[in-house]
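Both of the next two complexes hold chain A, though its partner changes from chain B to chain C.
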Partner chain A sequence: MKCPILLVAALSIVTVSNAQKFFTKTGKISFDATAPKSPENIDGVNKNSICVIDSKTGDIQFSVLMKGFEFERALMMEHFNENYVESDKFNKTTFKGTITNNESINYSKDGVYPAKVKGKLDMHGQSKDLETEGKITVKAGKVMVAASFVAQFDDFKIVIPQLVADKVAKAAKIIVDCTLDPLAK
Partner chain B sequence: MMKNKKLIYKILVIVVFLIMGVALYAYKEYNRKNVDIADSKAAFTLTDIQLINEFSQDQNASNKKYLGKILELSGSIKKIDTDANGYHTLILGNTVNMNSVRCSVDSTFNKEAHNLTEGSSVVIKGICTGYNADDLGLGSDVILNRSIAIKK
Partner chain C sequence: MKYSKLYFLGILLTFLVSTGVKVKAQDKDLLDLVDTDKPKKEVVKNAFKSIRVINGHSMEFLSPGTMDFRILHRFGQINIPNTFAGFDQASMRIGLDFGLTRYLQFGFGRSTFKKEYDGYLKLAPLRQSTGHHAFPATIAFVGGITLNSLPYADPTIQNYFSSRLAYYGQVIIGRKFSEGITLQVTPTIVHNNLVPLANQPNDIYAVGFGGRLKMNKRTAFTWDYFYVVNGLQKDANNVPLNYNPLSIGVDIETGGHVFQLHLSNSAGMNERAFITETTGNWEKFDVRFGFNLSRIFQISHKK
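Presenting the complex of A and B:
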C-alpha cells in the first residue's frame, strides 16, 4: 500500500530538482522615492512583474510594465506616468543579468543563499549597468528572490521639476520581492 | 473717497473667494483617490480572445488604444493564481494556447473572488496596463490591473 505513495513522492522530488528554469508573472517590484522633505510617502508597487531565472546558467531577467504601478493617490500615479517615467513612450522596464555566484546556490535544496547579480537595467529609454546583492531562498521547490538597490534618476534622464525638487528624492530605492515556480516542461 | 473704499472692498472679496477656490481645488486634487472601477464606465467592451488577438497583431496600436483605459472583458477563466499574500490573479483566455489576459484582482474585490471557479465564464472590468510579448517562452499576456468581476 505504501509503495505508490513512495513512488509519487520520489517522482515529485525528481521533477522538482530537474526543473532548470523558474519563473513568475506575479512578482512584486516596488519603489520608494521619499525625500526627507516629502510631505508624504512617495511609493508605488507593481504586482505583475515577470521574473525568470535559469538555474543552470544563472541568467536572471525581469520585465515590468510601467503603467502597472499602483499608488495611494491618483495624482501621484498621473505624475509618475506622465511627467517622470513617461510610460506612454517607455512602457516597459527590463533587467537582464546573471547571478555571478550561481554555483554556490543549490536550487534543489531548501535554504537561504546570498546572491550577487550583475546586469543591465533598461528604463526610460536609457540603459545602465547595475550590480547588487540580494537573497535567494529555496523552499519546497519554489525560489524566492529578494533584493533592493538604488536607481539614480539622473542615470535614466528622469527629470524632477525645480518646483518639487526637494520634495522628491534624487533616486529611488527599488525593492524586488518575487516568488518563482519551477517551469514545467 | 467713499467710492474708492467700496471698490477696494469689492476687489478684496473677489480675491479672497479666488484664493479659497484655488485652495479647495488643490486640496481636492491632492486627495483624489484612484477611480472606482465598479462605478466607472468602460471605454471598451470586448472579449478576452479579441483583446489578445489585437495586441498580438499590433502591439503599438493596441498600446495607444487601450493603455490606462477601463475595459469590460467577457471571457472564460483558464486559471486562478493566488499569491503568498492571498491576492488573486484571474487568467482568462483560450486553454489551447498559452496566451492570456491576466487580471489582477482589486483588493476591494478579493473576497468575492473566492467564489469564482476555473473553467467558468465571467465579465471582468479592469484597467489595461500593458502587454508582455512572448519573449521568454511563457506565452504572451495582456495585463489588467485592479480587476473586478461584474457578472458570473
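Presenting the complex of A and C:
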C-alpha cells in the first residue's frame, strides 16, 4: 500500500514544478528604425506586450499587438500601421522560442543570468528564425527579461518606398524589457 | 492484494495519461494561458487619406493634437483656349484644421473666390469601430459658417453685415467597407442670409456621395459628387446657370504630404461655394484641374 502513496507524492511534485510559469501583460517592447538622415527619431514603444516563460522547459513566448505601439507623432503611428506593418492584416507579432541555456538559470534564486534564446519571429506574415542573447534577472520572485536584436525589414517583406529610403533605416533595433510575475495556476 | 494491484495500475495509468497530456500542453501555445482578453474597441482609421474627400468633408478625423495645413488650388477651365489648359488662372484656399479628440475637429480657411472666410466644427457621436461595442459606420455632424468679404455690391444702400454670412450643416454617414473601398453619404443644407434674386431659395438642400478606391498603399482613386435638390438656377432662356459639383481625383501619399489631384467642374472650395455656385458643365468639359496639398503637423506631444 505504500507504493500508491509514493506515486501520488511523486506526481504532485512533478505538477508543482511544471506549474512554474511566469508571465506579464504589460511588457515593454520598443523599436528604433532611425536612419542617419532621418529628420526625426523613428521609434515606437508597446507597453502592453505579453510574455510567458515556462521555467521548467525554458520555453519563452512573446505576443505584441501592432496597433499598441505608441509614437510621439500621430502621423508616424498611422503610417506605421497602414503602410509598413499593415496592422489590419497582420495584427500581432509573436516570438516563440526556447532559452537554450535554461538549466543554468535558477528561477527560485535571486541573481542575474545570461540567457541565450532561439526561436521563430512571426511578423507581417513572415516567419524568421532568430537567435539572440539577453539577460534574465530573478528578483523577489519576479523574472525580468532584457534583450535586444535587429530585424531586417527585407526578411519580413516590410517595404520602405524609394521616396523615403534614406530617411528610414533598413532594419529595426528591437529592445525587450519585460518584468514577469509567477503565473498562478 | 488483488484490489491494491488494481489501484496501483489505476494510479500508474493516471500518471501516464497526465504526463502525456502535460507534454501535449507544452507543445501548445503558452500565450493562450494568458492572452484571454477580448479585443478592445478600436476606431477604424484611414477610411480616407485626408479630411476632405476632394471638396467635401470626409468621414476621416485628424488625430488628436495634430494640425493639418492645407493649400488648395483650382485652375481655370481646361476648355478655354489659349490659357494653357486653364493654368493661366488660379483660385486658392489656404486653411488650417485641428484635431482635438478622436471625435472632434475644427478648421478655418480663406478662399480667393469672393475673398471668403470659412470655419467649421465637426463632431462624430459615433465612429466606425471594431472589437468590443463595435459600430459599422461613422456618423458625424458638421456645422460651418462662411463670410464673404468683398466690398458691398451697392454701397449706396443700407448694407448689413449679416448679408455676408452663410451657414451650412451636414451629416456624414460613411463606412470603410474594406481596406480598398470607402463610401459615404452627406446630406447637407446651405443657408444663405442673402440671395441675389427674390426667386432664389435661401435654404439649399444637397446630398453628397463620396468615395474612394484604394489602388495601392499610397494612391487612391476618389470621387466627390453633390446632388443639389432645390438650388440649381436657370436664366430667362432656361439655360442652367449652375450645376451639381462633381470631382474625380487621385490621392497620393508621399509620407510627409498628401496630394489630392483632381478634375472638377467647381471652382469653390467651401461648402457654400461649391454647392451653390458651381458653374461648370461636365458635358461641355467645363472642368478644371485642381489640387489639395495637405501636411500634418504634430502640435501637442504626449511625452
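Here is the rule we go by: the second predicted complex is superposed on the first by the 166 of 185 C-alpha atoms of A that agree within 3 Å, B and C clash if a C-alpha of one lies under 4 Å from a C-alpha of the other, contacts with A are read in each partner's own complex, and residues count from 1 in each chain.
Here, contacts are C-beta pairs under 8 Å (C-beta built on N, C-alpha and C of every residue); 3 or more make two chains touch, one makes a residue touch a chain.
Bear in mind that the values here come from a model prediction, so they are computed numbers and not experimental data.
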**OP:** Once the two structures are overlaid on chain A, check if chain B and chain C clash or fit side by side.
**Re:** clash
Subject >> Touched partner set for A:59, first chain B, second chain C, both or neither >> reply: second
**OP:** Examine A:179 and indicate which partner it touches, taking first as chain B and second as chain C; both and neither are also allowed.
**Re:** first
Original post:
Does the superposition put A:23 against chain B (first), chain C (second), both, or neither?
Top reply: both
**OP:** Using the superposition on chain A described above, determine whether A:50 touches chain B (first), chain C (second), both, or neither.
**Re:** both
Original post:
Of the partners chain B and chain C, which touch A:82 in the superposed model: first, second, both, neither?
Top reply: second
Original post:
If you stack the two complexes on chain A, which partner ends up touching A:163: first (chain B), second (chain C), both, or neither?
Top reply: second
Original post:
Given the touch rule stated above, what does A:129 touch, chain B (first), chain C (second), both, or neither?
Top reply: neither
Original post:
If you stack the two complexes on chain A, which partner ends up touching A:110: first (chain B), second (chain C), both, or neither?
Top reply: neither
Original post:
What is the contact status of A:67 with respect to chain B (first) and chain C (second): first, second, both, or neither?
Top reply: both
Original post:
When the two structures are laid over each other on chain A, which of chain B and chain C touches more residues of chain A?
Top reply: C
Subject >> When the two complexes are fitted on chain A, the stretch of chain C hitting chain B, from 2-10, 38-46, 110-118 or 182-190 >> reply: 38-46
Original post:
Overlap of the chain B and chain C footprints on chain A, residue-wise?
Top reply: 23, 25, 50, 52, 61, 63, 67, 70, 73-75, 77, 81, 88, 183
Subject >> Residues of chain B touching chain A in the complex >> reply: 29-35, 63, 67-68, 81, 83-84, 87, 89, 102, 104, 129-132, 136, 138, 141, 143, 145-146
Original post:
Which residues of chain C touch chain A in the complex?
Top reply: 4, 7-8, 11-12, 14-15, 18-19, 22, 26, 29-31, 33-35, 37, 42, 45-46, 63-66, 99, 179, 217-218, 253-255, 296, 298, 301-303
Subject >> In the complex with chain B, residue positions of chain A that touch it >> reply: 23, 25-26, 47-48, 50, 52, 61, 63, 65-68, 70-71, 73-75, 77, 81, 87-88, 91-92, 179, 183
Original post:
Which of the residues in chain A end up touching chain C in this complex?
Top reply: 1, 3-4, 7-8, 11, 14, 18, 21, 23, 25, 50, 52-54, 57, 59, 61, 63, 67, 70, 72-75, 77-79, 81-83, 88-89, 94, 96, 161, 163-164, 167, 183, 185
